[in-house]
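Quick heads-up: structures coming right below.
The same subunit A turns up in both complexes below, where it pairs with subunit B and then with subunit C.
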Partner chain A sequence: MTAVYRDALERVSAIRGVHGAMLVSTEDGLVVADSLMEGVDGRAVAALAASLVGRLRRTTESAGLRPPRLFHLRAEKGSILAVPAANDLLVVAVAQPDANLGLARLEMFAAAERIG
Partner chain B sequence: MRALEPWVAGPLETFLAESAARVVLVMTSAGQVVAQHGFTRSLDVMSAAALGAGIMASTTEVAKIMGTPHFGALVHQGSKQGVFLAGFDTPRGRWIGLVVFGPETSVGLVQLFFDRLARELAAAAPPESERGPVLAENFERELNASLHALFGR
Partner chain C sequence: MSDDVRTLTAALAADPGSLVFLELGEVLRRRGQGAAALKVALAGAARYPALADARDLCARIHSDLGDGESAFDAWMEALQLDPTHLGAHKGLGFLYYRSGDLRRARRHLEIAVTRSDEPGLHAAIARVREAAAAEPAVDGEAAGEAQPAAGGDSPSDAAGAPADSAADSLPFSMDAEPGADLPPEEALFAGFEGAREGLLLLDQHGLRLGGGLRDRDGVDVADAVAAHLAGVSRESGRAARLLELGAWQSLAVECGDGNLHLSAPSPETVLLTVRDASVPAGRLAILADRAGQAARRWLERLT
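Right after this comes the complex of A and B.
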């Protein structure tokens, strides 16, 4: 199973402009597996991304909407993408502004399916 | 939040605000309370400090058997609340943090901000002043001063 996780994450992190990808436990905010470049604080990204996704999920539930399939947080110097997967996991990617985000999203959906 | 030493208060308040923890206890590895938040009874805080220090002492011995100086942290996750227990080094010696958290936060967030708290306390700690012997005539006064600082009574 670890090899499946690693392979799925490496396909995401190999995309141009993506600094890394990881699998995060949504409830705990802990890193389950990662493929990150040096300098990315995976633990911090995992904890904060899981917290953000949890809050946004509750927001959409409160609004009577279906759970989001993709979370995209765009900042000045890059983006954080998160896609929910099975078993309460989250595929998270950290990307720089000029990253190929379209391809990253496709690979993240594929990773979420493979992990499930 | 109440602290025996004023320099502990700032980093601890930041930790409480960012981690959304419910209860926090900072103590020495001997179980002496340095700061607390969320406890209302002195008996509870003394019991928690003694138990927390005891658990850390036990797990440190297990760690030594396994060939490592100590474990990073110990987490007990319950259905409604979790307990996070971790030791960290300061210029005043090894201290312990005991954090109780609920579903409004996560163990990842508590761990993340606890690591920052440990770094900030280690950086903020002034060098320990030379302490004289504990004399019987001073003991009760010092004890009462500590209880007042921690519980306001």
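Right after this comes the complex of A and C.
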């Protein structure tokens, strides 16, 4: 993992309530780099996030909207956030329900920019 | 320009800090000059941020202009300033009635009637109670479903004529059979802002059940979008379950020029709410929640 990737992901995963962050290839749903807490199945997160993002990209395109810049799946016990970055990569984070999602969102945008 | 408008305009020009904007805005509203009325009302509300009457005036104008969401927000602001504001409770009672939320409609009307003994309010409460009693209880509540109003977006439209004064007369008629002349798929979100352009209910197979979706050029994109969303609820549910996050609740997408919100009013359906980027994600979630409640009641009525 390059230092740039590591630094970008660690800034996201350091936010209160964020279990971890990873870089995912949108094309095949594989983990490129990660900074995850123990117990988080990075491969599953990557595959599921990439699949959902692909579907939602097609949806927004059909709706005549610009390409998405943030995806947020909210569930009872937490959230998955994803922000597209350059080179068909996604910055993905898994967060608890009480996480500071506003800060996570901003750090993920910053991470995507640094990676690009 | 009529004499009264001319006189009031001159009075406001002579003393921009006076409360005459309330009267001028109301006169313009009744004359159907919504844009001019709103300009006056918004300027007055900005000058008097703690004046509930100013928010109420803004709300009634928004409602006349068909902007139910802004009307709702303005009436809620009026209530924050004055929790017993008669016009705000009547206006919110109307909006909730129109969206089918009879429990909240009744609550607001019952508060309104403590401030005014006008017969129309008593009649309205009786109609809401009747409608609620006619529907099966949901989750232990006596929450029933009323068909959304078929008329325009304003309380005065629903009454068939402009209200004389929101503080003195009931701003909507409960005698009309709301939504009776609409086909079911249009009645689903009738009364909601963007009912035909930004609210879409679909089944798990990507087929449209109601509502509509149009792109920025006005092209109907509902079926194409619905097709892409076939199975999205199952996929979201699977993702959340596999990651031990419990049941999925919503899926939000931010684009540069618009925001999407997906939720599941029932296990077999998905509700898509789309708004332009000026509507923040948090507010979009609230709108989607209200539309989801309407969708659930609509589905219950169908089954």
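Details
Simple rule for what comes next: the second predicted complex is superposed on the first by the 115 of 116 C-alpha atoms of A that agree within 3 Å, B and C clash if a C-alpha of one lies under 4 Å from a C-alpha of the other, contacts with A are read in each partner's own complex, and residues count from 1 in each chain.
Rule of thumb we're sticking to: a contact is a pair of C-beta atoms (placed from the backbone, for glycine too) under 8 Å apart; a residue touches a chain by one contact, two chains touch by 3 or more.
For clarity, every value in this text was computed on a predicted model and none was experimentally measured.
With the C-alpha superposition on subunit A as described, subunit C and subunit B fit side by side in the combined arrangement. With both structures placed on the common chain, the touch criterion links A:Gly78 to subunit C but leaves subunit B unconnected.
By the touch criterion stated above, A:Ala46 is placed in contact with subunit B alone, subunit C being left untouched.
By the document's definition of touching, of the two partners only subunit C reaches A:Gly64; subunit B does not. Contacts of A:Arg16 after superposition on the shared chain: neither subunit B nor subunit C is touched.
In the superposition on chain A, contact is made by A:Leu30 with subunit B only, not with subunit C. Between subunit B and subunit C, it is C that contacts the larger number of residues in subunit A.
Put simply, the nearest alpha carbons of subunit B and subunit C end up 9 Å apart when the two models share chain A.
The contact surfaces that subunit B and subunit C form on subunit A in the two complexes overlap at residues 44, 48, 51. Of all the residues in subunit C, the ones that touch subunit A in their complex are 213, 215-217, 219, 221, 224-225, 227-229, 232, 235-236, 238-240, 242-258, 260, 274, 281.
Residues 77, 105-109, 111-112 of subunit B are the ones that touch subunit A when the two sit in their complex. On the side of subunit A, the complex with subunit B involves touching residues 24-25, 27-30, 43-44, 46-48, 50-51, 54. Note for the complex: subunit A touches subunit C at residues 40-41, 44-45, 48-49, 51-52, 55-56, 58-60, 62-80, 94.
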